[in-house]
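Have a look at this one before I ask anything.
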Amino acid sequence: MSATNSLPLSLKAYPRLRLPAGKHIGLALALLYLTLLILAAIAPHLLAHGNPYSIAPREAFTAPGWQHPLGTDQSGRDMWTRLIFGARSSLVIGIGSILLALSVALSLAIPGAFGGAVAEQCVKWIFEILFSFPTVVLALLLTAIFSSGTFPLIVAVGIGAAPGYGRMLFGQFLTIRHAGFIEAARSLGHSPAHILRRHLVPNAFRPLLIAGAMGVGQTIIWASSLSFLGLGAPPPAAEWGTMLAMGRDYIAEAWWITFFPGVAIVLTMLATTTLGRFLKNHFETSSS
Amino acid sequence: MLARNTAIHTCKAVFHSALLAALCLPLAACHKNKHARNATSPISGGTLIYATDREPVCLDPHVQGDMPQVFVAQQYLDSLVSMDKAGGIHPWLATNWDISPDGLAYTFHLRSDVTFTDGTPFTAEAVKANLDHMANPATQSSTAGGYIRQYHSTEIVDAHTAIVHLSRPYAAFLEVLAQGFLGIESPKALARPRDLNCQAPVGSGPFRIVRWDRQNRILFERNPAYHWAPSYALHNGPAYLNRIEWRFIPEPSARFAALQAAEVDAIDTLPPEAQTPAQHNADLWLLMADRPGNPTNGTLNTRRAPFNDVRVREAFLRSADIEGALGSVFFHHYRRAGGPLTPTTPFYSPDFEHAADYNPQRANILLDQAGWSAKDADGIRTKDGHRLTVHIPLRSSLSNSERTLWEQVQATARETGFDVLLENADDTSVNTREGQWDYDVRIGYWNTNTADVLRIVFSSEFLDAAGISGHHQNESGFSNPDFDRIVNEALLTTDTEQRRNLYYQAQKIASAAFLQITTFPQTTRLAISKRVHDIRLEPALNVTTLYDAWVEQ
Amino acid sequence: MIPFPNSGFVFLKKLMIRVGGACLVLFAAATLTFITLHLAPGDPVTAILGGSANPTPETIREIREEYGLDQPLMVQYALHIWHVLSGHLGASFSQHMPVTDVLWQQAPPTLKLMLSSLVLAWGFAVLSVTLSARKPFFDSAFSSLETFFAGLPQFWIGIILLWLFAYQLGLLPPAGTHGFLSLILPSLSLAIPLGGFLAQVMRESFKTTLDQPFVLTARARGLSDNAVRFRHVLRHALLPGVSLSTWAVGALVGNAVAVEFIFSRQGLGRQLFLAVSMHDMPLVTGIILFISVVYILASFLADILYVIVDPRIQEARA
Amino acid sequence: MNAFSDTSQSGLSVKNLSVTFSSGGVSHIAVHSLSFSLTPGEVVALVGESGSGKTVTARALLGLSGPHAQITADHLSLNGRSLLANTEQQWRKIRGAEIGFILQDALVALDPLRSIGTEITEALTAHKWGTKNTREDRVLQLLTQAGIPLAKERVHLRADQLSGGLRQRALIASALAMNPPFLIADEPTTALDPSVQVQILELLKQLRAAGHGILIISHDLGFVSRLADRVIVMHHGHMIEEGRTADLLSAPRHSYTRRLLDAEPGRRPPRPPALARQTALPLLEAHNLSFSIKQQDGTRKHIVQDISLSLFPGRTLALIGESGSGKTSTARMIMGFQKPETGFIDFLGEPWSRSEKAGVPESARRGRRPRLAAIYQDPLSSFDPRWTVQTILDDALSVIHVPKQERMTRIRALLDQVRLPDTLLSKNPLLLSGGQRQRVAIARTLAVEPSVILCDEPVSALDVSVQAQILDLLDDLQKRLRLSYLFISHDLNVVRNIADDLIVMQHGRIIESGTAQDVLTHPRHPFTQELVAAAHLIGDATSSLPS
């Protein structure tokens, strides 16, 4: 940052309060959490010993303690182990859905933003229509077709979330298309192919990356809300939404079965949001 | 199937099998029940708030016919006959009846002082209208209509005499008539379009329906003219309660919490996890009873591999640790049901309780014998390159407790080498798969007050019952001529010992075929505030009746 | 007051575009539900019978005729669209009542829930945004709180609230649709994440506005900090909140499904889930159409609100 | 009069004012020991370029420096009362009531969502002045006083519904609401068209005559010279020079003041008369260009009507007009980004753009595009935000197929041409100053070896001294590379130094054209005359000083 930027010489009556140290602590925690999460998804055995699927009915509903740091669930399975092993399916669902959502979104947003006035108007209308279907409602409808399970869940959430992301990307792509530097490149005599390759794609990639980073947490929440309604990954998968949903009957006797999967979901959402925001700020204030 | 048929069994009840009373009823419940009964004499007035889990889709129990419908029907409908705790049939709307020697004609003599709450008098015309209504396909009646398939026509002799003609002898006809599913509605109300009647059906019962606020509650009001109570009732004349608020709280923990917070006065389907706290709560008393019939189970599809082999079926049954599940997720409050009949069913024999107990060693031997001897990298048994896979569709409305039970079955069966796939789907998709025999295990239960249930769930007569759409009550696909002969013979005779003998044989055949992995009996489980007295279970269908109930003011 | 010679014409044109768009949305909704439920596995007859026992072949034939299921698919689609366009939503076969009656009964509790959530969310957002610029501590505390709130899944926060306020403290009813008290917890579970989200967006705008020259002018006029914040800056910060609220109305309906389940509440969300589960086409169509109408009305309302808050729009959107 | 000795009771008095900002442990002194005084009926100007501390000073005088500012002074008083220990409450009583504040652009300095009437009323209610009815009357009176005709109808309008001049008057009216004896005007005319600037200048003169003491903050010495009694020149937070306007401008003591004066467009030597118009063919020729947009009510608004122009090799053609005159649309048509509705454009003797439906395909233009380059007012937006200076230039060189191995040498040469150091190569333009950015933009255009550069307000956003440097650079490049410029500007003073030929536009039409010399010395059209007069008035600091 240049020295002049830190000065309230612009019209800032009350300069923004930024706690740079705090911001980085947040980012560091988020990255640490995400690293652990990915580690858990790739090699869960490193973080939890034991089998997430083997039941021990006698030990059901054990409160958190030395033996089981997060307690056991209704089948006597260790919550910590299940949370760790559940990271994979939760992440796969989250990342899978956001990838699908973004692909569907792109397939509408790209022709809309770069395909001429007619396409732009058409896509605008399509988004206007699709946007009136709330994500969860759309996903719910789709579960009727695709039944349930991990893959159908990804499809339902992915398509359900697509209109929202599509509209966002569409708007950002339009901004890029009308950006001064595109016109500058044209006026230099660059070919459309060159402009697409050097400007449009790399610049469009940024909002895409931000949407992707922030979206993983959001799609995990959407997916778990479908899991919650009994349409999620099939048992005995240690998917967080399902775990949470299964535990809610016992909330009065064994709060930990519902509480900890929720914490995992919330932390994931917070971590991806923090990362996404960092990327956004990073892209907006400096160059890569 | 979802339609269930039940018989009463209260605390004091001693059914045919007297030895079972102690087994089926938690002692605490009996104790509390007695304690409550010792209170002061009934007071008229007040409102009772009753919370239940499932909401009916139609209040007319003739249409479709699911348990929640009969729970409601019991409050506003009367039946032609009533049943006592011992299974004896008594007059209700019919004062007496004659049965022709060939068993094909039933002549009912009716009460002449009964009026429906819409003012229509109860006559032979009403009997005809009701039975015709149940038998009419447009009613979409599956339970009531299904139980009286032998119905042919009703002949009106005079205003208070009606002859019902059957096409085939049906020993259980009167028992079936005692069920709330076959309750008598006002013919004037029945004449309305079906969906209109569903909203506000009219009966002659102790209460009438005032309003149905979907997904919220039904409001009942006392029928002040009521004085034709059945013989099992504690009093005659109008009900004590002014009003009933019948709430729907599907969430088990919320339902119990609402009771604890005194938001409601009584709840049914007390969740297992709440039973111990409920027993320790001095403000509550419990009312529980097993329902007779075919217990909660997973029925194995014998029509396709791997369960077309009886050894694999037995192996599967023996590798599932049901007791473990009942001890954990059901907190030891549910008892194991081992045989094809629930102990409270007539002609139940305890001999088959342990025919398929958990025994993984035996399961392994059986599977080796059946050719499933190889194991793949995951530890799943294989045969000719096929994995030993078992598909179990789980409908989204299945309770979490049962879900967990099957998850535990999945885990224990895996140890013997079964790859159990629990497949979530919405209810309709599951129904469709069942219609197409696309499952290996089907989760369900069938409650009825007669051992005739064996005919419905295992005889070949019910393999293609519904024809084109593939609906079938015999979910196992079991077809055995000997078995068919035995259960049909049992319908023709009224001799108790002969029937007992026939049903023993039927149970033996079913049990030896390892057709079902039975889990626990269906149970009526009420938790009630101590300020409410005399909530009782109607003997024929084991359904809550609030006719005698009263509230301390 | 403002000289717009052609404002009547412009308004009419905008209205027509709006209404046309609304029709298109409704048409799309009807088509989408039709396609979805026909692609869905399962015989509609099964759905109609609700999986109950013993239907006879006669019963099944009767049902096929009653619901027109014996017609070719295109005829069924045409009939479906015709019914929707002519306002005949038909009868729900899972509920055995006219779809309009179901909507009439189930919509008010959901609308109440949405409205109270929206109000609570707005309340939180406005409070959080206006308070936080007061002290540096507030700023970081509230903005962290917003991020945290926005990341909470509705169904989870619902369960936690239920556990705390209904089970542990016994302060509020755990279930039902009975009066104001039973509305508090469900509204909160929807409002907390939404409030966090709204506040984040409004905070962004609030801060940008605080840096605007006219804020300085207002201060230089002798206005107090509060006056500047509430009379000038807040109004600007409301704008993105207003636009977001249209989206929020849709999102609330979706999220209401789980919340209505948790609190055993009457409402469209739970009804929709059940209807989808029963493949009850008329009812699903009816509810989806209703949601679309609510969404369209909400965006209408948001447009009007927007113009009230920001009169410039009227001309700028030309 | 010397500020240091002025300790009279009436007026605003500042002695050794310092303002320090600290953030994240780093302190920055924005103003060092500034002293001056302001008495009623007097105009004092604080002059300096961006970063000089003049705005910070203005804020400090109103107690609006923000929580991170530390203000120290030996003496800071208003009519004898010290302001140093003022609480926020006390400050609020002073703001608006005793010191009014005027910012530059009324479009953003007045709340864009509220009517001007509400804004002015608020200034009254903030000090609990009058009743509802008397306030209404007062608002109308203020608007009239500020020179807004038909005040009764306009009181309900928002700033964006008023013309630039009227809205600036409304802003001034809001500052005058409580009739404060002192006014601080921070760049009060900067964003305005020249003709409007003159009007505001007149209004401020009236206010001085009415006895208001005015502190003018400005970067524009020319403007200040028309109004101020005394001028204080600031640079990097320090007071460089202070004195009576006439003295200071005629005999600046400090070299910085001199430099500043020399950079004034009006003070720079005018462009020597061009060589006689060449007989060569024009590089770029536009004939009868028109363009309109469809309005919401269905009618069409004409943006550009019937514009024709020719640009000859080595010459500069300036297009002059106020905002909304259609010069930007003309530029877009010439760049081939907007198809004209009528007329045609030829470039390098071949069709470049045609109004016919078929038009000229972009592919036919592409080969000639490098010959027609452009620089803009905001160079930053014309750079891909991800790119460094090096990437930007490298990309430009790739257009004319410069081999990869030669590019680095060429890039350095280009930087040298625009007088930028090599060290900037790896920097993102975001981190550069405004002048540096414009130089990078120029380097990029040079990279493709153009014949014509279209310069769209290239110096409007820059400080005066930087403006001068960029104009010098353009001039120098033109001489060396024989470039032709199509120079678009609203500022006659800027154009004066660079244009050979001049076209004046108003309401989308050409109202006057000719050689720069002719038009500037003998304007024929009344609007041109007004423009020339305004430029003369404001730009020429020494020619007419207040008596």
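We just call them A, B, C and D in the order they show up, numbering each chain from 1.
Keep in mind that, in the parts below, a residue touches a chain if its C-beta (ideal position, glycine included) is under 8 Å from a C-beta of that chain, and two chains touch if they have at least 3 such contacts.
The chain list, named the UniProt way, goes like this: B = Peptide ABC transporter substrate-binding protein; C = ABC transporter permease; D = ABC transporter ATP-binding protein.
Quick caveat, the model's predicted, so the values are computed rather than measured.
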{"item": "Pair joined by more contacting C-beta pairs (C-D or B-C)", "value": "B-C"}
{"item": "Centre-most chain, if every chain is reduced to its averaged C-alpha atoms", "value": "C"}
{"item": "Intercentroid distance (Cα basis), chain D paired with chain C, Å", "value": "48"}
{"item": "Chain B-chain D separation of Cα centroids, rounded to whole Å", "value": "86"}
{"item": "Length of the line joining the C-alpha centres of chain B and chain C, rounded to whole Å", "value": "40"}
{"item": "Where chain A and chain C are represented by their mean Cα positions, the distance between them in whole Å", "value": "22"}
{"item": "Residues of chain D whose C-beta touches two or more other chains", "value": "64, 103"}
{"item": "Where chain B touches two or more other chains at once, by residue number", "value": "251, 253, 257, 396-397, 426, 429"}
{"item": "Junction residues of chain A, two or more chains touched", "value": "11-14, 143-144, 147, 229, 245, 248, 251-252"}
{"item": "In contact (per the touch rule at the top): chain pairs", "value": "A-B, A-C, A-D, B-C, C-D"}
{"item": "Sites on chain D touched by chain C in the complex", "value": "62, 64, 88, 92-97, 99-101, 103-105, 108-114, 122-123, 126-127, 156-158, 160-161, 171, 174-175, 177-178, 295-298"}
{"item": "Contact set on chain C toward chain A in their complex", "value": "21, 24-25, 28-29, 32-33, 36-37, 39-41, 133, 136, 139-140, 147-148, 150-156, 159-160, 162-163, 167, 207, 210-213, 215-216, 219, 247, 250-255, 257-258, 261-262, 272-273, 276-277, 279, 284, 288, 291-292, 295-296"}
{"item": "Complex contact set, residues of chain A against chain C", "value": "10-14, 16-17, 19, 22, 125, 128-137, 140-145, 147, 164, 217, 221, 224-225, 228-229, 244-245, 248, 251-252, 255, 258-259, 262, 265-266, 269-270, 273-274"}
{"item": "Chain A - residues contacting chain D, complex", "value": "2-4, 6-9, 11-15, 20, 179-181, 183-191, 198-199, 202-203, 283, 285-288"}
{"item": "Contact footprint of chain D on chain C as seen in their complex", "value": "1-2, 5-6, 9-10, 13, 212-214, 216-225, 227, 231-232, 235-236, 309-312, 318"}
